[in-house]
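Paired with chain B in one complex and with chain C in the other, chain A is shared by the two complexes that follow.
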Partner chain A sequence: MMSTENSPQTNSLAGVAAARVREPGSAPLGSGLEARGVHAWFGSHLALENVSLDFAAGTVTALIGPSGCGKSTFIRTLNRMHEFIPSAAMAGEVLLDGKDIYASGTDVTRIRLQIGMVFQKPNPFPSMTIGENVLAGLKLAQIKYDGNKDDLMEETLVRAGLWNEVKDRLGAHAGGLSGGQQQRLCIARSLAVNPKVLLMDEPCSALDPGSTLRIEDTISQLSKTMTIVIVTHNMQQAARVSDYTAFFLADGGPGQMIEVGPTNEMFSRPKDERTENYVSGRFG
Partner chain B sequence: MTTASITAKSPVAPRKPWKATKAELIPVVGALALAAFLDVVVVAVTPMKGKLAYALLFFIFAAGLQMALKWRNLGRRAAIDSLAGSVAIAGAAIAFTPVLSLLATTVIKGAKGLYPGFFIHDMSVANYQSPLNQGGVVQAIVGTLYLIVLATAISLPLSVLTALYLTEIRGKASGFIQFLVQAMSGIPSVVAGIFIYSALLLTTSLRGSTIMAALALAILMIPTVTRTAQEVLLLVPEDLREAGLALGATQWKTVATIVVPAARNGLITAVILGVARIAGETAPLLFTLGVSNKINWNPFSGGQSALPYYVWSGLGDGTELGIDRAWSGILVLLMLVLTLFVVARIFGTRKVKIK
Partner chain C sequence: MSSTLIERVLPQKRALTTKPRPSDVAFRSVLNVMSYSSLLILAAIGGFLAFRGFGAFKENGLGFITHAEWSSLVGDNGKEISSFGLGAMITGTLIISTIALVIGVPLSVLTALYLTFYAPERLRRLLVTVVDLMASFPSILYGIWGFIVLSPMATYWAKLIFKYLGWIPFLSVPTPAFDRSPFLAGIVLSIMIIPIVTSVSREIFAQTPLERIQAAYALGATRWGMIRAVALPFGASGVVGGAMLGLGRALGETVAVYSVLNIVFKINWHVLYGYGGNIASMIVQKFGEASFTEKKALLAAGFVLFVMTLLVNMVANTVVSRAVKSGK
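On to the complex of A and B.
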């Protein structure tokens, strides 16, 4: 799956990326997601052209590229959020465990339950307490949870790296938390319904470095049990958290995926010159 | 291994896989047809009769069958979702039926008295019992337009300034003024008329005229426009105000060049709601407008006519011809108000070039 050989490193990011090599034999969990020939339109405007990308189970894939290159559009096609925009259209397939999530007769709410999403801006529900926010998914998706809900709340908050900070004020309103805490609360909220895939659309773009590091820790922990796709503008972050990196670019036309590969290779010896320029900071 | 495939550009057609396909629509349409069939059968064999029975039973059968269809395909959650959607549609239908019925009745009854001269002649050449091809409402159209323009001219600046005080300046009196605005919106319209009558007409030598009636209408218009303007100004993001202030602008410049233009469409809606509030008011006019059966171009002296007043007089006349004239007056008022709204929207919406 992944090359672990040590390559001559051309920049420091590659060094960071090389450090993140999966231990052999660590069983990948979660489910694989595969995009096949995904196109996306807004009205007659083609925003994303022919992206095929395989997210293997239990891996972290970072999507990088300059603003407006279609990363966010692409990630929103992966859990059928794209269709909320009235003029939107798409082509291609997205396979979850081999089944097309766009197939006719699919229960789209079930799809979104299995493919969770964390948004750019922390969006805890304002009318709910911290504890209620964590368990909101169970209520919203009308899931009967047999186990102890308090245990589930603790477990998900621990996994999201927030438990120690909020364990004494689970009944407080979520609005009183800092931005980083709110974002980790949103991650905990997505985890409580046990998704197989977690999509993260620039989850740290509004956060301070300390909160960002905590969320990156969280991502590393989560990748043991689920498949993660993360959109990021921060290349250090892509290097630190991801196994694979995909580079997107819209060169005047629709957004396209230029190149994808193991993260350390993408940062040390990318095949495409444009990727090289981008990861070395020469543009974008 | 993950691989990029940037293959040759193949013309791929955009699809909307989330929209129901024709094959998926067949059972839905079938269920609706079955609901209609069951509806007819049940009404025929049971004592339930009438339009209401048809409508109610059709809704129950259609909603039930759609629910069953969803349950079979996607389970209980989807079935409940479908039921909630059906109830929302039913609610909208119940709310709109009287509106449509009212509109249809007005058009049908009002059309009887309409002829081209209705918009040209005034009532000095006819009375309410005259045949329907004599006389007209031109004096009332002019009067209503005068009233709308004057009442808007009086209340719009006051309302927007009050709303700006409440949302931008947020002075110490905000709470009290907010309370007054709310209390004002509860004033019965006849009280506004009596107020102007007792305050301005009884105590001075002034007589009923367009401006007096416009003042009474402005009292009714101010709270509506203020409340709506306040809501739309609150929708302008705080970031925009801060961005203006951070460029060194004064508060006045920020409000005038950033906040108010950003709320422009909403402010037009506020005016439209205010005009809708007063255009059909009759009671305040009874004490303040005076009477005229001819066009009176001078808004500051002499009696005036207005469409709601014309309708009221026609109904008061009580004869068949008078009532027919009243219906025509209502129809003309509706057309006039609709035209004003369309014009306000066309001229009020800033043209944005879309590439």
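On to the complex of A and C.
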């Protein structure tokens, strides 16, 4: 993918999307992430009904839809963060490289190492320095890292697009960074444990437009090496960064996935009228 | 520049007043009296102790705090010869309280961590009730239990500790007398401070920001990894505050210590050795049979204890409220 700065974005993205088009719901991928008939409950309230969605390795998929449509709930089922909410329950399967991450006998911490997550609000550990934050995952998951930790720190900060801004103050506390920098630090922190998939739950909603652009640039860079799923309220953002877009809607009942397709098609000629109404700004 | 400056005429700021209704005035004055009354009572107690004990301070000078001897004899001429020093009791109080903290705080913090992050909801509620119940348990019962049940066990443990760690100066004993030691009193006290330290720690841990907990888990953290990286740094100052509130209770504990400790007016650094001191229980022991001068000295001792406890509690409250407010 070309750098986003010197190319007309929509055109280049359309080209990228076309090159990667793969019919969702087709035969198992074997690699990448697949959701199969995912349902989610909070207590007795069914929040999400029967979502099946494939995320091919190396693609960026945007989940869009109005508030309360279950897209955040869905993304949280993909790395088993959903179950942290008391009384939360789920049904269905989520396959990572063909293996169900909800299968009994699965080590959840291993799953979360392979499927990283970036949250809406930047959440670096305030008691740690910038450098310690980047390497926190290794410590938290008790991983013995054989390579040079300084190199890993630099590499991940470069990939997250933060290196130049923090290289002289890796020993400073993370709380002193701006919101956008903190969010990129959180991305770097997720990258340090080398996940296959990165889930991003509205990563830019708390940030200014400048920081948002930098993070979108980071996402395009990362998508060369990993699978990315991003929840966003911002349709322009979905158009800018994603190869595929899935539209979620809760029409009075539980959230459902209405439609998924290559991003350029979803925005230019969606099949479902409700998608059309949403992407053209008639509601939401 | 200054030539372009136009002087603005601003109006006088107006006083923002309201005429309170009589009912409000009445209610407010009642509340005022109520809330200041506890302050007044505290001041009255402190003032009384200081006033009545003043004579003892004056007669014994600084020795009242530093000397270990406490004696009051009536001489042949019917005159009282007395010397009062709190040295042994003050050091004893501090030693016992330290032992209580060393044993009680880790237990409480681990309990709080379990209750906050591990226990299933039902068990958690049950345990919280039980721990709170421990706080309302009369201290004489702890004392009796400590004397009858715990004492033989603690004596055995003390022997074990002495056998393997006796080379450490304060764990040695001059003669093998392990009964009714500061060690035993410290254990009893440690159990008594568990409720307060646990509940303060639990409240702080429960406030750990969810987003940070999720951040840790999303990085593949084990539960213990999350606690180490997120909950403990967040709760540290609250735990310190809770420990100091526990210390406040330990310093003033009377009956339980009185029932298990062999009170002797001699400074004892050997924590396993069978005698020690504690201001509060010493007052209980002496007060009934005290002469007029000794009573004065006991009230002065009470004043010392009053100041110590007040200081510790004030520091603790500041630490706790800061921990809660800052939320880090």
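Keep in mind that, in the parts below, the second predicted complex is superposed on the first by the 253 of 284 C-alpha atoms of A that agree within 3 Å, B and C clash if a C-alpha of one lies under 4 Å from a C-alpha of the other, contacts with A are read in each partner's own complex, and residues count from 1 in each chain.
The working rule: contacts are C-beta pairs under 8 Å (C-beta built on N, C-alpha and C of every residue); 3 or more make two chains touch, one makes a residue touch a chain.
It should be emphasised that the depicted structure is a prediction, and the values quoted were computed from it without experimental measurement.
Student: Please work out whether A:Gln142 is in contact with chain B alone, chain C alone, both, or neither, and reply first, second, both or neither.
Tutor: Both chain B and chain C are touched by A:Gln142.
Student: Now for A:Arg112: first (chain B), second (chain C), both, or neither, which partner does it touch?
Tutor: Only chain C is touched by A:Arg112; chain B is not.
Student: Mind working out whether A:Met81 is in touch with chain B, chain C, both or neither, as first, second, both or neither?
Tutor: second
Student: Scan A:Val279 for contacts with chain B and chain C and give back first, second, both or neither.
Tutor: In the superposed model, A:Val279 contacts neither chain B nor chain C.
Student: Both chain B and chain C touch chain A; at which residues?
Tutor: The overlap between the chain B and chain C interfaces on chain A comprises residues 109, 141-142.
Student: Taking the touch rule as given, give the residues of chain A at its contact with chain B in the complex, in rising order.
Tutor: The touching residues are 1, 37, 39, 41, 49-50, 52-56, 61, 80, 83, 88-92, 102-105, 107-109, 141-142, 244, 246, 256-261.
Student: In the complex, go through chain A and note every residue touching chain C.
Tutor: My answer: residues 79, 81, 84, 86, 109-113, 116-117, 119, 121, 123-128, 136-137, 139-142, 186, 189-190, 193.
Student: Could you list, by residue number, the parts of chain B that touch chain A in their complex?
Tutor: Per the stated touch rule, the residues are 1-7, 9-10, 12-18, 21, 23-24, 73-75, 77-78.
Student: In the complex of these two chains, what residues of chain C are touching chain A?
Tutor: 121, 209, 211-222, 225-226, 229-230, 233-234, 328
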